[in-house]
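Both complexes below contain subunit A, partnered by subunit B and then by subunit C.
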Partner chain A sequence: MSDHVLQVEDLQTHFHTEHGVVKAVDGVSFEVGRGEIMGLVGESGSGKSVTNLSILRLVPTPPGRFAGGRILFQGEDLLTLPEARLRTYRGNRIAMIFQDPMTSLNPYLRVSRQIGEVLELHKGIDRAQAHRRSIELLEMVGIPDPARRVDQYPHEFSGGMRQRVVIAMALACEPELLLADEPTTALDVTIQAQILELIQGLAKELGTAVVLVTHDLGVVAGVADKVAVMYAGRIVERGPVGALFSRPMHPYTRGLLASVPRLDTRGRLVPVRGMPPDLTTLGEGCAFRDRCPEAFDRCGQTPLWYGTRQRGAACWAQQRSALTMPAELD
Partner chain B sequence: MSAADTHLVVDERELVAGTSLWQDAWRRWRRNRVSVVSAVVLVAVMVFCSVGPLAAELLLGATYDGQDISLGASAPSWAHPMGTDVLGRDVMARTMHGGRVSLMVALVATAVSLLVGVTYGAVSGFVGGRVDAAMMRFVDLLLSTPYLLLVIVLMAVIPPSSVSIGGLDGSFVLMFAALGLVSWLVLARIVRGQVLSLKQQEYVEAARAIGVPQATILFRHIVPNTLGPVIVYSTLTIPSVMLSEAFLSFLGLGIREPQASWGTLVSDGANAMVVYPWLLLAPGLTMTLTLFCLNFLGDGLRDALDPRQGET
Partner chain C sequence: MSAPLLQVRDLQVHFPVFGGGLLPRQTGAVRAVDGVSLTVQRGEILGLVGESGCGKSTTGRAILRLLEPTAGQVVFDGEDVGALQGESLRKLRRRMQIIFQDPYASLNPRLTVGDIIAEPLATHGLVSGRDAQRRRAQELMHQCGLDPKFVRRYPHEFSGGQRQRIGIARALASDPDLIVCDEPISALDVSIQAQILNLLQQLAKDRGLSYLFIAHDLAAVRHLCDRIAVMYLGRIVELGTYAQICDDPRHPYTRALVSAAPVPDPEIERTRRRVVLQGEVPSPLSPPPGCRFHTRCPVRQASRCHDEVPALREVDDRQVACHWAHDPDVTGTG
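What follows is the complex of A and B.
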């Protein structure tokens, strides 16, 4: 499929540490099309952020190492692209939004300079033009009185406003791909909704493909078109957002959904018991089996993918139940 | 009412016009009265030391090395406003002359530590890994060598006569070289430490994510953030460098009689403190005033260079 903006194939990002090799990303594949928002969910340490950083090759190497796979951006493999070439893509064709707006802006530079920096770097415009464009961008992301605000320092902005600035920076060059790493985690709920709406609106208007990394299933349900669930460096389930939420296939996804508080149903919250596995000692077999309520002897072998590239899960239990009842595949 | 409006208009124009850190810092700094007064005093001291000797010679006929044994150590008078020393030399002329050496020492040490120390430390911390380890071991090596030994070796290896520049005595040049050699070491360490923590900041990652080249990241996004500690440390370095110079001179490795510096004048004056207090007071107070002002200036600069400091 060539209309995919981003196509990640069997990505393997490993870290070589004193305690052994950590396979933070171990064979991840997905694709995102124009104007599409893909949610990448999982708990801390599941490899979702590393996947995102790998796309822009921002993983420090060493200790990181790309052990395999391809990351095709508009058909070009980002993993083999020369650094200088990749730099012209960063912030220009591929932009990134970081988690914490309180720390992702340089306290020593005015907002106009930080937004202007991207424009000056990639669009070759001068400072005065960049300044004007910065005002437009601030206006676009909904910052009131942008002409005055643009010349202020980050500390003069609230958290939500700073995240808008960060988004304005990310959108400055109208990227084809936007990587958002927990863009709303540091914000309170009302601001969260506004920021998500903003990202969603821009994806639709500008046709930007978005990879939304988050551990918040509520966020995913609200804005994403499709979802991939990561566990211990692998995608364990994927599907369109509606199908995945209504009929989760993997026990881990079910566990995640059961641990989210909901207003429309009563009952106890059930956490996913246990802790994420130590990635250095991960061997053969399903990484989730020690925490899985449905684990059986077969789980000692690494599970095969069950389903299609659009909808499916990596779980033996699915395959077992498929023998007795028809699979629900969308 | 209209006054307030005018003020607002002016402020806004400044906001739009000034976009560099330095312009902002300048605007903030001017509001810090103590710091501005200190700067004015420092300029006055510099004028006193640079133009002063000439004026004193023309007006009072006093030179730093002109002896008049018949005067002996005389108390301050109209002819000699700060008195004379035991050889009958005018203390004011000597203080002015000594200020040249001391201020130059301070200037050289600060310039070297800012240029070399900040760059070295920043690069070391930013590159990290083996480069960092090697660069820092070199600093450790220089720091662990006794300073005095370093200077003596330097002077033994390089004959002072071979390095005299213009009218400057060779041993003088060597002393500057020695002070410059060691003055940047601690600052390099401080900056490296700062950079190590700053490069983990998300805005550095963000800068990388928008394709900013490494060198620009280091010098636009990281180094300005280290300025606070750098300035504070620099203001602390200056007095200690002045004292090192006095110490070297005392050992005969720095400047020699009849040349003088504040350090040597103070140490000479301290010996005769009880009998001829003006010998200590004149250079001592001048030096104290200078160091005071440097500290206030440094404080003011640090605050001005930090945009987070109240701009209400």
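What follows is the complex of A and C.
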């Protein structure tokens, strides 16, 4: 069938809380091909991180629940895969990088041990080989003096260097899919540029498919091939990176772009008014309608997807402007 | 030109480092701020940018004397801040306020919003009587885009952006001339950042306020500030107008910083030349000799950079601390 490494179909990840059911991910679909980088953009609470965690079934259940959908990895549904089998994929065929490198590093273990463990577990090589390979990996991610650094502990590394160690761990088994959750958010811009360059190189050279979760539109513009914008648990717009930035379709995407200060111009910032909605009280209709400058009566119904699987938006206003006869326009 | 509102001369803040066994003794010092000079005019917004650990927040705090400077002078409206004690320092602090980065940690969770905003009014004896203070607090809430009817609510009932508005209202309560804004938007969501930036801009315009706006996000600084100072390892490496710094940077570090800041436009992102710096910021415990940037500098020269500290000098109407700033053959500018 397709050459997609990852194909997410109508994913529903819900949380059962005392305040009701929170549909953190509510019908998300996308696919990522070999060597492709997909940016998953949204603000806090939009469901972008939960989507990423769901792929490796790292959402605690309960309170979480996979209420529907499929996550096809090389054609195999990860949601129904036996746990023991999935464990052989984690860190091996599918790797993950988090915002804070210390969430992935054990402070008590030398770096050589942490990288080596992955290799011994998944590749069945011995300690001495694993040690040699760890040095190679550190060198590959640009850590100077790797033969000495490999025997140090995480606290002996700076933030940027730790994130490189995590990336080296993620790459140890040459994964087919890399899930990166805000990998550069905690880093300084000059270090961010180095790490992004590294991730881009991987996708290109090893053919790794990458899902890059971020709130930073600038990062996405720089490295992603295509983008999905999430709001309140749903994808509200998607498209190739060029089209999405030059001709955004959804009012939320337009709002985000208009509210980011830019280094190359000094225009007026037009913030998105109001605040993101409370997911426990979200009812029928477009979740963005209370903040939307283009909302009309139709927006009380949940919007249908307008466009194709590659390019489109979930917005009634888009459909209206496309369907309205010119005579009806003011 | 009239006398500047704030004048900082050769400010130094060193933190002692203790080592040794049973009897701890000072073994070194972190030179967090090491000779910073800058001025802020009345009604001016000066941006202070740099990466983590460059000393920008420490500079802001030392100006307000929330930290005692090791050396140097801070003159606010003609008065030497370092020489003031007790009541006279408190009086001056009414005119210098601060907004913090984390709107969750900087508000007392046990006070209502009204009490938080009214506290400076009472402390400085500006408005007397609880009712009058509450009314004033509500006016300030309104000016900062908060609904005054929430005056009796507690900080936890508000979102991050709203809490930052509370912090701004509190800073405005004592009617200051200068506000140090220490990364006021970096903890907020993208769509909320613009709301707060616009609010700060509007307030500065309406009240003739001066800001020292500390941030690592060059794009936000460019948007708001009149002039920008760039810090690296405790020193200012370049200071100029926002356009000079962002469009035509001269110091190699500023150039790297500008080129690394992502722009939300794929066409620009994919075509522009990026200066990717090698390595990491050295420790301020033992900064490199000579130019502090020479260990990472892409245009470092064999002579001078290693052994001579570059002074902040006037180059083309702005100040640059680079031996080669005047030489386009070396820096690749011009």
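Assume the second predicted complex is superposed on the first by the 320 of 330 C-alpha atoms of A that agree within 3 Å, B and C clash if a C-alpha of one lies under 4 Å from a C-alpha of the other, contacts with A are read in each partner's own complex, and residues count from 1 in each chain.
Just so we're on the same page, a residue touches a chain if its C-beta (ideal position, glycine included) is under 8 Å from a C-beta of that chain, and two chains touch if they have at least 3 such contacts.
No experiment lies behind these values; they were computed from the predicted model shown.
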item	value
Subunit C versus subunit B on the shared subunit A, clash or fit after superposition	fit
First (subunit B), second (subunit C), both or neither touched by A:Gln194	second
Subunit B versus subunit C as contact partner of A:Pro144, first or second or both or neither	second
Partner chain(s) touched by A:Ser112 [first = subunit B, second = subunit C, both, neither]	first
Contacts of A:Asp216 with subunit B and subunit C, given as first, second, both or neither	second
Partner chain in contact with A:Ala95 - subunit B first, subunit C second, else both or neither	first
Arrangement angle, subunit B at one end, subunit C at the other, subunit A at the vertex (C-alpha, nearest 10°)	80
Partner chain(s) touched by A:Val270 [first = subunit B, second = subunit C, both, neither]	second
Touched subunit A residues, subunit B compared with subunit C	C
Smallest separation of CA atoms, subunit C relative to subunit B, angstrom	10
Subunit A contact footprint on subunit B (complex, rising order)	12, 15-16, 19, 21, 24, 201-203, 205-213, 220-221, 224-225, 306-308
List of subunit C residues in touch with subunit A within their complex	51-52, 159, 161-162, 189-195, 197-198, 216-220, 222-224, 242, 246, 256-270, 274, 276-277, 279-281
Residues on subunit A engaged by subunit C in the complex (per definition of touch)	43-44, 144, 158-161, 188-194, 197, 215-222, 241-242, 245-246, 255-264, 266, 269-273, 275-276
Subunit A residues within the subunit B interface of the complex	56, 58, 87-92, 95-96, 98-100, 103-110, 112-113, 117-118, 121-122, 127, 131, 148, 151, 153, 155, 166, 169
